[in-house]
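Here chain A shows up in two complexes: once beside chain B, once beside chain C.
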Partner chain A sequence: MGKSVSTTEFNEMLKTLAGEYRIFAPKRFVHHGKCTGTDLIRYGEVHSLDEIEYKAKSNFSLKEILHPINQTIFYFTETEFSEPATENKGIVIFARPCDINGVFRLDNIFLHNGDEEDYYYKKPRDKVRFVMMECTVGFENCFCVSMDTNKSDDYHMAVRFGGEEYLLDIRDQFFIDVLEGVGEDIEFTPDFIKRNRVEVRLPEIDRMPPAMYDHEMWDEYSTRCIACGRCTTTCITCSCFTTTDIANEDNPKQGERRRTWASCHIEGFTDMAGGHGFRKKNGEKMRFKTLHKIYDYNRRFGKGPMCVGCGRCDDACPVYISFSNCINKVTSYV
Partner chain B sequence: MNNPYLPKPYHILEIFHESETEFTFKLERDYEINFGQFLQVSLPRIGEAPISVSDFGEGWLEMTIRAVGNLTKDIFKLTAGDKMFVRGPYGNGFDMSEYIGKHLVIAAGGTGLAPVRSMINHIYRDEGVVEKLDLLFGFKNPSSIIFNRDIEKWKEKFDTMLTLDEACGLDGVCEGLITNYVKDVRLSEFEKMAVIVIGPPVMMKYTAGEFVERGVPEEKIWVSFERNMSCALGKCGHCKIDETYVCLEGPVFNYSKAVKLID
Partner chain C sequence: MTLDINIGKVIKNAYRITSTRGLTALRVRIPGGHLETKYLDILKKIADDFGNGTLHMTTRQGFEIPGIDLKRIPEINQRIGPVIQGIEIDTAGIDISEPEAGYPAAGTRNIASCIGGRVCPFANCDTTDLAFKIEKKVYPNNFHVKIAVTGCPNDCIKGHLHDFGIIGLCEPVYDYSRCIGCGACSNNCRAVATGALILKNGKIRRDERRCIGCGECVLQCPTAAWTRNPMKFYKMVIMGRTGKKNPRIARPFLIWVNESVVMDVLTNTYQYIDKYINKSLPKEHVGYIVDRTGYPTFRDFVLDGVKLNPEAKLSQHINWGGYENASYLFIK
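Showing the complex of A and B:
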């Protein structure tokens, strides 16, 4: 059902939600950007509309809400393990269609890859309600239309920002109940972006030609890429992690096991005891990531590419490597 | 909700010194296991690592660990009666039905012998399970030979060839890389044989290559991969090669698939 609500009414709704839900949305952190005079936009907990940055693209995705950068998975003593207390509140996330599509990719890795569901991802994931932020213009480096992720039906409520009133498409009984008697009933369905400035062509092949793995196109990345991992930390679909034990300084027999984001782009990702590792050249790391995002994932799950075309990797790369350009190169060579 | 990341404590029953740097830990066991599977071994404060099961029997299993990483160095401070925290077993392991009644050749390099030791011991105890078993082992030097007590025993029943990369002068031991001796392995009609090649990546590549060179079809060769892993559950991404996860579909692969996997 459609509704038009005022700022006050929307804020009232957020206040009502705050009792049972933690509400996450892109927020602007002034002067926290990577260069002087720039801001950082990333996800954080919000309590009112003025905290939500809906005009700009967030530098980081929403994945840290479900898959934190650093998370204690259990505490240990010499003989026992105990899990950290978990948050009982539900989770409402304001997200653009690309990121909602990205979460379904994360679901495939964390919930559907192998026989076991990921215990630490599933707990918050089961509590999520998406408020889709209508996105019709896009931003620099976005190529969601090419990846078919510019649209989503998987939202509980959609919102159009920018006018005097907030237009809502409500699909979930929970939100219908929360907004009962509020605002004006109208006809509203969200629009989606139809064309990005950046366009990408995916390779249409059954099997990646073996020659592509050591193609000379990767040499350029061996020279340019500095293996900093920014592309993978900003990526909504990058899910890899490493577990590490931390001992208490006062009592080293007690401590905790943490899992922390890891990246195939960072040195040491494949290193084993004894030091042997794979993909030493940065071009090989780029090849591995690229083929995972546009080919391997689809081979495994049959659900299209993993990359959702949010373009954050290109926004973040300190040496201006363009992932969309890289995909187009692969397509032109296969 | 089941939390598959939580390890469980098991008593260490016995510890054997295999070489200067390799110890075998015998642990109590209360779960099913297959040849060639591995466990995630925890040492709280240090971390977790995948370790192959090197033998098992009623109510026990063994893991042979080399002191090379941070975790494995600390494991050496444990003694019998202590508890070791593990979870698993993980991975597919060897599908014994592929080898029953066949002429089986196992070529193992260094600690690569650990994941196949349980199968060799199984065949040793129940000889009729394969038509015949030939063994080809390669180690770096005399002090790196592991499972000496088993190898001596296996020699009595199986055609066993042992080679060291470095010259040693030991009686009955060849000299040079394992790949040099693939030509001396007896072959049977390919339909009736199976080859397992297991060891460091380069050793597996060239040794399997030598068997293929001798005409053994890729489908008749199996290898087992070692990879960095944090979860062993298909989530952490460390062991992924192409669309394959070594922890889920491996570590044992038919060579016809393995040869196409590009790290």
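Showing the complex of A and C:
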């Protein structure tokens, strides 16, 4: 059902939700950006509309809500271990279609990848309700249309920002109840972006030709990529982590097991005993990431590419490597 | 008619006595070394109509218009009026009653600055903006003081060769929960800065005594675990100089001070000079006055009544260093 609500009514709804839900949305952290005078936009908890940055693309994706950058798995002593306390509140996330599609990619990795579901991912994931932020114009470096992620039906409510009133498409009984008697009933379904400035062609193949793994195109990335890892930390579908036992400095018999984001582009990712490492050249790291995003994932799950085309990797790359262009290069070579 | 001019007045008007008799050169102030191109048209016209058709880019980021007939100063002052109006009065906000009478003083030199945060990713502040704010505080003034603003401890403007080098700092703020322990910041800090960051147990420890506030860690961090404190901090290095007597690099005076401390110290310095300057000399550079009074007198005078922000740190002693051009230094 469609509704049109005022700012006050929207804020009232957020206030009502706040009792049982933590509400996450892109937030602007003024003058917290990399360079002086610039802002950082990332997900954070919000309590009112004016905290939601709906006009700009966030530098980081929403994955940190469901797959925290650092997470304590358990605390241990010599004889016992215990789980950290978890938040019981539900989770409402304001997200663009590409990112909602990204979460379903993460679901495959954490929940449908082998026999075991990832307990730590599942816990918050089961509590999520998406409020889809209508996205019809896109941003620099977006290529969601090429990845078929410009649309989503998997939302509980959709919202159109930017007018005097907020237009809502409510699909979930929960939100219908919350908004009972509020605003004006209207016809509204959200629009989706139909064309990005960047277009990407995926290779149409069943098997990646073996020659692609040694292709000289990767050598160029060895000279350009600095393996800083920004493309992977900003990516919504990069889900790799490392697990470490951290012992208490004063009493090493107790401590915690922690999992922390890691990635093929972060130092030490494939380091093994004896100093071996699988992908030492940065071009090899680039190849691994690229083929995982556009080929390996699909081989495993049969659900298209892993990449959702949010373009955050290209936004973040300090040496101006374009991932979308890299995909196009692969496609042209196979 | 033979020239009969008061060179004291000419010099204070920002014209200089040159190597060619009868010719002068006008010094044009460009605070921060950044100017709108419309002013170049005016400078070009003056150089073409009154000078020798050339402009000199000075070491202090101003322009000097050479080859001007000393007799034509009043006409040129009329022409430079709009530059003084636009830069000094309208932009810097300085009260100059007669811009058509030319520059009202030349002692305190143009405020130089690196390109700063408007362009350079490493900068920790908008140096042009700060240069203009300083210009408003210190100009016009006849005391000989050189001030430079630089965006980070790289000090590209060479603030360390000035009476006052104002260095933009970033206080890095660490979010423990966002750090993935990748070592990008600590490796880089060791390679390009001071090794103030130590990676231990997958997290970073920052040694505040070593951190110089360059902000490199913020630039390197892939997860925004390091962000900038939006409050701006500065380091003030003082009494650096070139020159014939005793060239030396400036020494740290204050670090982690805010903008108002910088401004107050600069303002108080002029009162300090007024009190201690050797009035029997035609001019005396502030660094030599500090040599005479000693650092503690300078320190106590310029900090009198200044409210230091809580983060501020002050040098208790300064070991000036530098060298003397004494004949015994040389074998042949």
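To be clear about the criterion, the second predicted complex is superposed on the first by the 334 of 334 C-alpha atoms of A that agree within 3 Å, B and C clash if a C-alpha of one lies under 4 Å from a C-alpha of the other, contacts with A are read in each partner's own complex, and residues count from 1 in each chain.
By our rule, contacts are C-beta pairs under 8 Å (C-beta built on N, C-alpha and C of every residue); 3 or more make two chains touch, one makes a residue touch a chain.
Nothing here was measured: the structure is a model prediction, and the numbers come from that model.
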{"item": "Which superposed partner A:30 touches (first chain B, second chain C, both, neither)", "value": "second"}
{"item": "Which of chain B and chain C A:300 touches, first, second, both or neither", "value": "first"}
{"item": "Comparing the two partners chain B and chain C, which touches a greater set of residues in chain A", "value": "B"}
{"item": "First (chain B), second (chain C), both or neither touched by A:252", "value": "first"}
{"item": "Contacts of A:244 with chain B and chain C, given as first, second, both or neither", "value": "both"}
{"item": "Chain B versus chain C as contact partner of A:262, first or second or both or neither", "value": "both"}
{"item": "Which of chain B and chain C A:270 touches, first, second, both or neither", "value": "first"}
{"item": "Partner chain(s) touched by A:323 [first = chain B, second = chain C, both, neither]", "value": "neither"}
{"item": "Common interface positions of chain A, toward chain B and toward chain C", "value": "244, 247, 262"}
{"item": "Residues of chain C touching chain A in the complex", "value": "117, 121, 123-126, 151, 168, 170, 176-184, 187, 201-202, 215, 218-220, 222-225, 227-228, 230, 232"}
{"item": "Touching residues (chain side chain A, partner chain C) in the complex", "value": "29-37, 40, 42, 59-60, 68-70, 228-230, 232-233, 244, 246-247, 249, 258, 260-262, 266-268"}
{"item": "Touch list for chain B against partner chain A, complex", "value": "1-7, 9, 42-49, 66, 68-69, 71-72, 83, 200-201, 226-228, 230-231, 233-238, 240, 242-243, 245, 247-248, 260, 262-263"}
{"item": "Contact set on chain A toward chain B in their complex", "value": "73-74, 76, 78-79, 81, 83, 109-110, 113-114, 116-123, 210, 213, 239-245, 247, 252-253, 255, 257, 259, 262, 264, 269-279, 288, 291-292, 295-297, 299-300"}
